[in-house]
Amino acid sequence: MTFQRTQNRAADSLRPVTITRGYTKHAEGSVLIAFGDTKVLCTASVEEKVPPHKRGSGEGWVTAEYGMLPRATHTRGDREAARGKQSGRTQEIQRLIGRSLRCVFDLKKLGERTIHLDCDVLQADGGTRTAAITGAYVAAADAVKWLQKQGLLVESPIREAVAAISVGIVEGTPLLDLEYIEDSACDTDMNVVMTAAGSFVEVQGTAEGAAFTRGDMDRLLALADKGIRELVAAQRKALEG
Amino acid sequence: MTFQRTQNRAADSLRPVTITRGYTKHAEGSVLIAFGDTKVLCTASVEEKVPPHKRGSGEGWVTAEYGMLPRATHTRGDREAARGKQSGRTQEIQRLIGRSLRCVFDLKKLGERTIHLDCDVLQADGGTRTAAITGAYVAAADAVKWLQKQGLLVESPIREAVAAISVGIVEGTPLLDLEYIEDSACDTDMNVVMTAAGSFVEVQGTAEGAAFTRGDMDRLLALADKGIRELVAAQRKALEG
Amino acid sequence: MTFQRTQNRAADSLRPVTITRGYTKHAEGSVLIAFGDTKVLCTASVEEKVPPHKRGSGEGWVTAEYGMLPRATHTRGDREAARGKQSGRTQEIQRLIGRSLRCVFDLKKLGERTIHLDCDVLQADGGTRTAAITGAYVAAADAVKWLQKQGLLVESPIREAVAAISVGIVEGTPLLDLEYIEDSACDTDMNVVMTAAGSFVEVQGTAEGAAFTRGDMDRLLALADKGIRELVAAQRKALEG
Amino acid sequence: MTFQRTQNRAADSLRPVTITRGYTKHAEGSVLIAFGDTKVLCTASVEEKVPPHKRGSGEGWVTAEYGMLPRATHTRGDREAARGKQSGRTQEIQRLIGRSLRCVFDLKKLGERTIHLDCDVLQADGGTRTAAITGAYVAAADAVKWLQKQGLLVESPIREAVAAISVGIVEGTPLLDLEYIEDSACDTDMNVVMTAAGSFVEVQGTAEGAAFTRGDMDRLLALADKGIRELVAAQRKALEG
Amino acid sequence: MTFQRTQNRAADSLRPVTITRGYTKHAEGSVLIAFGDTKVLCTASVEEKVPPHKRGSGEGWVTAEYGMLPRATHTRGDREAARGKQSGRTQEIQRLIGRSLRCVFDLKKLGERTIHLDCDVLQADGGTRTAAITGAYVAAADAVKWLQKQGLLVESPIREAVAAISVGIVEGTPLLDLEYIEDSACDTDMNVVMTAAGSFVEVQGTAEGAAFTRGDMDRLLALADKGIRELVAAQRKALEG
Amino acid sequence: MTFQRTQNRAADSLRPVTITRGYTKHAEGSVLIAFGDTKVLCTASVEEKVPPHKRGSGEGWVTAEYGMLPRATHTRGDREAARGKQSGRTQEIQRLIGRSLRCVFDLKKLGERTIHLDCDVLQADGGTRTAAITGAYVAAADAVKWLQKQGLLVESPIREAVAAISVGIVEGTPLLDLEYIEDSACDTDMNVVMTAAGSFVEVQGTAEGAAFTRGDMDRLLALADKGIRELVAAQRKALEG
C-alpha cells in the first residue's frame, strides 16, 4: 500500500506548475513560478560588469541569491537582513542555483557582463529550491532576449534549458515533487537538476532517516527524469507564450 | 502652469489603489496593496509571546519590519541579508510603520501577544512606506479577525483605521501621492499618517532643496487629508469584501 | 490648568542655552552646546575628499554621525561600538542632522571636500537631536571660517543659519523645548528644524499616545517658531564672540 | 587512453590512508586522518547538554564544525575568524559532516548530550570533506568509548560505521579519491557518503563543465562503493589498534 | 644632551594633572581627568547584577570599556560604532583598565553587583590609557561612596589606590608622561600601573625601534615610580576636595 | 618550601622544547613547536604585496594572526569563525606576535612584500603565545631562506633571533615557563620577549592576585633571561638541522 497524497495526486505527478513572465516591471527578466502552493519570484538583472575574478577575461558571470519572506512559511521565520546574516541553508541554496544556471551558459558568449538571479520565496510549501532553479531559467532566458533586443548580444549564450525537481521516499513510496508535509515525513530526499537533453547538472540525495539503497536511488532518478521532462516542456511553452 | 503628471493625473488624485486580502496562505493576515505600480506585500503574524520589555505587563505589542526585494527598483540594489545589515533608511521606515500601527491599537486589549507586520516591496515606484502602512493596517485587521475567530480575543483591540500618504511640491505644484519620478524631482517631500477620524499620527516633512514655508505646509496637509479619506474608504471596502 | 515645569519654566521658554566654541583643540570646529542639562559635543572635521557618489562632481558633501556616551543617561546604555552596531534610533538621528545641515550649504561652493559633523552626547536630558543640530551649525560655521583662513575657500558656502527645537503636548499643554521627564510623559512630540529666515527644513511630529489634531499642530509650530528665533540669535551671538 | 595520475596511481585506487588516534590529549576523541597529502584533525567533544530544539526530548545531538588553517592551501586564504564570517563553502561542508554522522547515531540511546565534531584541515590536497567525515567517525567512536568507560553510557548509540569519498571524471576517465590537481581539472565531481553496510547517506554530484549522463553516474557510484569498503576497513583496523 | 620637551618640561615631570569630580550628573561616579591636553571622561555605573561567570558566587565584578571620540585626535578616526567593531587597540586598552581596577578591589566585599567604568577620550595628546586608569579609580571611589551613602555597602571594597603613567626613551633620554609627539618619536614605550603602596599591577614595555636593555628598563621604572606617587597624591587630594 | 612542579621540573627549567620544520608542505615556512604539551603550528606565507600604509614606501611588512582550535583546551571553546569575531585575547596576542617579529626585521631590506605569520594552537597547556613567537621566528627564517633561494632576496632582512617565555610566581616561588595549572594558580604572570643579544622587545607583567614588588620583578626577569638563552639555542639548532 502506498502513501496517500493530497488531492489524490499520483506518486509520479507534479503539482500544477504555472509560470508567469513579466511579473514585475523593472527587471530584464521577471517570473513568478508556482509548484502548487510554492510560489517563487525569480528576477534576472543584467549588470554591465563582472566580479573581480572575471575582469579582463572576456567572459561573463551568472550568479544567484535566494531569500524567503519571513512569513512565507507556516510559522514566521527571522528576517535574515535583521539577524545580520544569511543562514547556511540559504547560502547552500543560492550556490546551487548559481551553479545550475552557469552550467547551461556559455560565459564567453555572454561577454563581460553579469546576470544576477534573485529568487525570493513568497509562499513555501516544499520544493522552493527546485522551483527557484526552474523559474530562474525562464527569467534568465528573458534577460538574454532583452540583451538581444537591445543589440547588446547577437547569439544567445544559453546552450539548453535547465530545470530541477525534488523526489523522495515517504513510507516506502517513491514520490515526485514533494510538498511540505511529505518533505517533513520523508526518509530520503533528493534534488535533481537536469538539462533539457536529460543529462545531470546536480544530484543531491540525503538520507533523512535510514540510509538508502542503490535500488532506491535508481527509482528516484527515474521519477526525477519524468518530472524534468514535464518542467522543460512547461518552460518552453511559457517562453513561446 | 503646473507640473504635468503621468497619464494626466490631477495634482490632487491618488494613483489607482488596489487591496488584495489573502494574498498568501500561511499568515493570519496577508495583503497585497498597490498604489499604481508600487506593490507591497504586507503580512501580519500572531505570536503568543511579547518582547522582554512587555513581559508580565498584561499588554501586547505590535511591531513591523520592512524590506525591498533587490530588483523591486530600476537598478538592482544590494540584498540586505547578504550585506549583513539593514540600511538606515530601512530601519527608519520599519520604525515608522510600527509606531503608526501601535497608535491605533489598545495594547491592553490585545493581551500578551505580538503582531508582527512584515512589509516587503515587490515593486517600487514611489510611496512604498505609505503603501506599507496602509496595507499593514488591513493585514493587522485580518489578524485580529483571526484571533476573534479562534476565540483568543472577544473585543477588537483596534481603535480606528490608520492610513498614510505622501505629498510634495514639484516645480511649485503641490501633488498628492508622488510616484518615483516626482519624488526624485520634488523640493519638499512629506509623509503623513492619519487616523480615520482625521487626526495625525505622524507628519514627516523634509526640504529636499530649498526650505519650505508655512503656506506650503498648509497646502500639503490639506492634500494629504483628502488622500487619507480616500484610502480609509478603500481599506473599509476591502475589509467588507 | 497647565503642566508645572521644573524651576517654574514658562511653557514657551527655552532652557538656558550655552554655546562654547573651541571646546576641544584638534577639530576645525568644536562646540559644546547645552540646552539645560543636555550637553552635546559637536565637532566639524574637514576632509579633502568626497564620498564616491560625489567624486568628480565639483561638489562637496556634509555628513553627520551621532553617538551617546554609555552613561549620558539615567541608566547606563550599551556601548554601540561594543554591541557592533548602531541602533535604528542613532541612525535616524544622524541622518536627520546630516540632511538639516546640507540644506543650508551650497555644495558647489564648498568644493570637492567633506565636512564631517560628529555629535556626541555627554549628558542627556531630552532634546539631544535638536541641540546637536543647533550646535553642529556653529561647528560647521567655524570649519568654514578655518577653510577661509587657510585660503582654501574665499566665499562661504553657508546660505543661512539652521537650528532645531522640540515641542510637545504634555497633559494638554503645548510646551517648548522638552526635558526628559516631559518627553517621557508627552502625548505628542515634534522636532522642528528651521532656517534663520523662518522656513522649514524638517518637521517630524509623532503621536506618542492619542493622535493629534490640526489645531495641536498649529500651536506647536508657533511655539517652535519662537524657540528657533531665540536659538538663531544665540548662534549669532556665539559666532560673533 | 586514460588520465595519468600522480605516482602512477590506478584510476580506482585510494591514496594512502592513515588514521592516528589520540593525536591531541584533551578531546574525548582526537584523530588525525590523512588521505595522501590531505590532513585533517578531527576531534570529538562531549558536552552534557543539548541545543534548545532537543531540550527535554530525551535525545542527544551530534553536530560538526569545519575549518581550514589559512595556509593549509597553496596560497594563503583569509582567516574566517578575522573576516568575521564563515564562507558558504565552509557552512555547506560542516552541515554535510553533521548530517552524515547523525545518520549512524541513535540519538535516543545517546541521551541528552551533544557530541561536537571539529574538523580542522591542517593541509589540503583535495578531498578535505570526505577525509573529515571518515576521520570524524573514528573520533566519534572514541568519544562513545570514553562515555562507556566513564559509566555514562552502557550501550553504544552508533549503529554502524560511515565513511566518505570523492569520485570524478577527468578527461573522460572516472577516478577514485581526487587530489587537488584532479579536482581542479574534473568535469564531474561527486562526493559519496556511505555506511559500512553499503547504503547511501549522501550523494552530491556536480557537473563542473558539461552535464553528465546516467552512465557516468553509474560508473562513479561503483568506484565510490569500492573506495568506501576500503575506508571502512581502515576505520575498523584503526579502532581495533 | 637631552631631548627638549614642550614648554621646557623636565624629563621627570608630569604634565599638569587636573581631576574634576561630578563632571556629568547621572553616573554614580563621573570624573574628567586631564593629563595636559589629554582629557578623558571616566564614569562609574553601578549595576545590581553580575555577569554569568560570577552569578551565585557572592562576589561582584569590575569591568571597563574605552572609546575615543572620532575627532579626539589630530585627524578624524572612524567611529567604531559605525564601523561595527572595536579595534584590537581599543579592546587591549579596556581589558587593561578592567584588570588594573579589579586588582585593588575586594570583589567579595563588593557583593554581587557590577561597577562599569566607561573611559571616553574627549581629546587625545598621548597617555590616554594611563589617564583613563588614574581617572577611573577616582570614579570608582565615588561609586563606592554612593553605595555606602545608599546603605548598600558598609565597608569599602577598595584596598588601595591605583594609578598609571607612561614612560619612554626619546632620542636616548628617559621621559616621564609622554605626550603625543614624544610617543610617536620614542624608541621604547612603557605603561606602568602601580598601587599607592608602590607595588606593580601591570608593566607593559614595548621596543618601538631597537630592543631595550635592562639598564633602560631600570631607569624607566624609577621614573614611573616618581610619577605614580604624584598621581596618587592628586587622586587623594581630589577625593578629599 | 617551594611549589612542586609536574614531573619534578626545577623552578628554573623549561619544559622539553621541540621544533619541527617543514611540518606542512605549502607554506614558505612551516614549523610545529612544542613547549611540553603546548603545540603550536606556525606558518610563514610570503605575499608579494604590502598593506595600504606601506604602499610605495619601499618597505615590507610582517604581520601575525593567532587562533586556537576549539578543542585545543580542556573544555571546548567556541570557534571564533562561527561566533563571527575574534576575542580581545586573540587580538592582543596576535598584535604581540606581530610587533615582536617586526622588531628583528629590517623592513627596508625585506622589500615591498609581506610575511604573514599564522600561529594556530593545536594543543594548549600554558604558554601558547610565547611558543607562538618562538616558533614564528623559525618559520619566518625559513621564509627568508626561501626568498633567497628564489633569488628574490640577496641579503637576509633578519637582524637577530627573537624568542619569548613566560615566568610567574606561584605560591611565592618564581617559576620559568608556566604550564596551564601553574598559570591558573599564579599571583604574577609575565611574558618576556627578548632578542638573541639579550635585549628586551616586550615585557608584559600582570598581577593576577596581589600587586608585585620590584624584587619580584627582578627575580622574574632573571629567570626569563635564562629561558630565552636556551630557546635561542634551540632555534639555532633547528635552523642548522
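Order of writing sets the chain letters: A, B, C, D, E and F. Residues in each chain are counted from 1.
Just so we're on the same page, contacts are C-beta pairs under 8 Å (C-beta built on N, C-alpha and C of every residue); 3 or more make two chains touch, one makes a residue touch a chain.
Computed from a predicted model, the values in this text were never measured in an experiment.
Chemist: Going by the touch criterion stated earlier, list every chain that contacts chain B and also contacts chain C.
Modeler: none
Chemist: Listed by label, which chains are in contact with chain E and with chain F?
Modeler: none
Chemist: As a test of understanding: of all chains, whose mean C-alpha position lies farthest from that of chain B?
Modeler: In terms of C-alpha centroids, the chain at the greatest distance from chain B is F.
Chemist: Between chain D and chain E, how many degrees of rotation does a Cα superposition need? Round to steps of 5.
Modeler: 120
Chemist: Specify the chain most distant from chain C by Cα centroid.
Modeler: Taking each chain's C-alpha mean as its centre, the farthest from chain C is D.
Chemist: Quick one: chain A and chain E, Cα centre-to-centre, how many Å?
Modeler: The answer is 59 Å.
Chemist: Quick one: chain A and chain C, Cα centre-to-centre, how many Å?
Modeler: 51
Chemist: Taking the mean of the C-alpha atoms as each chain's centre, how many Å separate chain D from chain F?
Modeler: Centre-to-centre distance between chain D and chain F: 33 Å.
Chemist: Which chain E residues touch at least two other chains?
Modeler: Counting only residues that touch two or more other chains, chain E contributes 84-85.
Chemist: Does the chain-touch network form a line, ring, star, complete graph or other?
Modeler: Its topology is that of a ring.
Chemist: From chain B, heading first to chain C, list each chain in turn around the ring.
Modeler: B, C, E, F, D, A
Chemist: Per the contact definition, I'd like the list of chain B residues that touch chain C in the complex.
Modeler: It comes out as residues 85, 88-89, 91-92, 94-95, 99, 103, 190, 194-195, 197, 199-207, 210-214, 216-217, 221.
Chemist: Which residues of chain C touch chain E in their complex?
Modeler: The touching residues are 24-27, 30, 37, 39, 41, 43, 45, 47, 65, 67, 69-76, 79-82, 84-86, 90, 116, 118, 120, 122-124.
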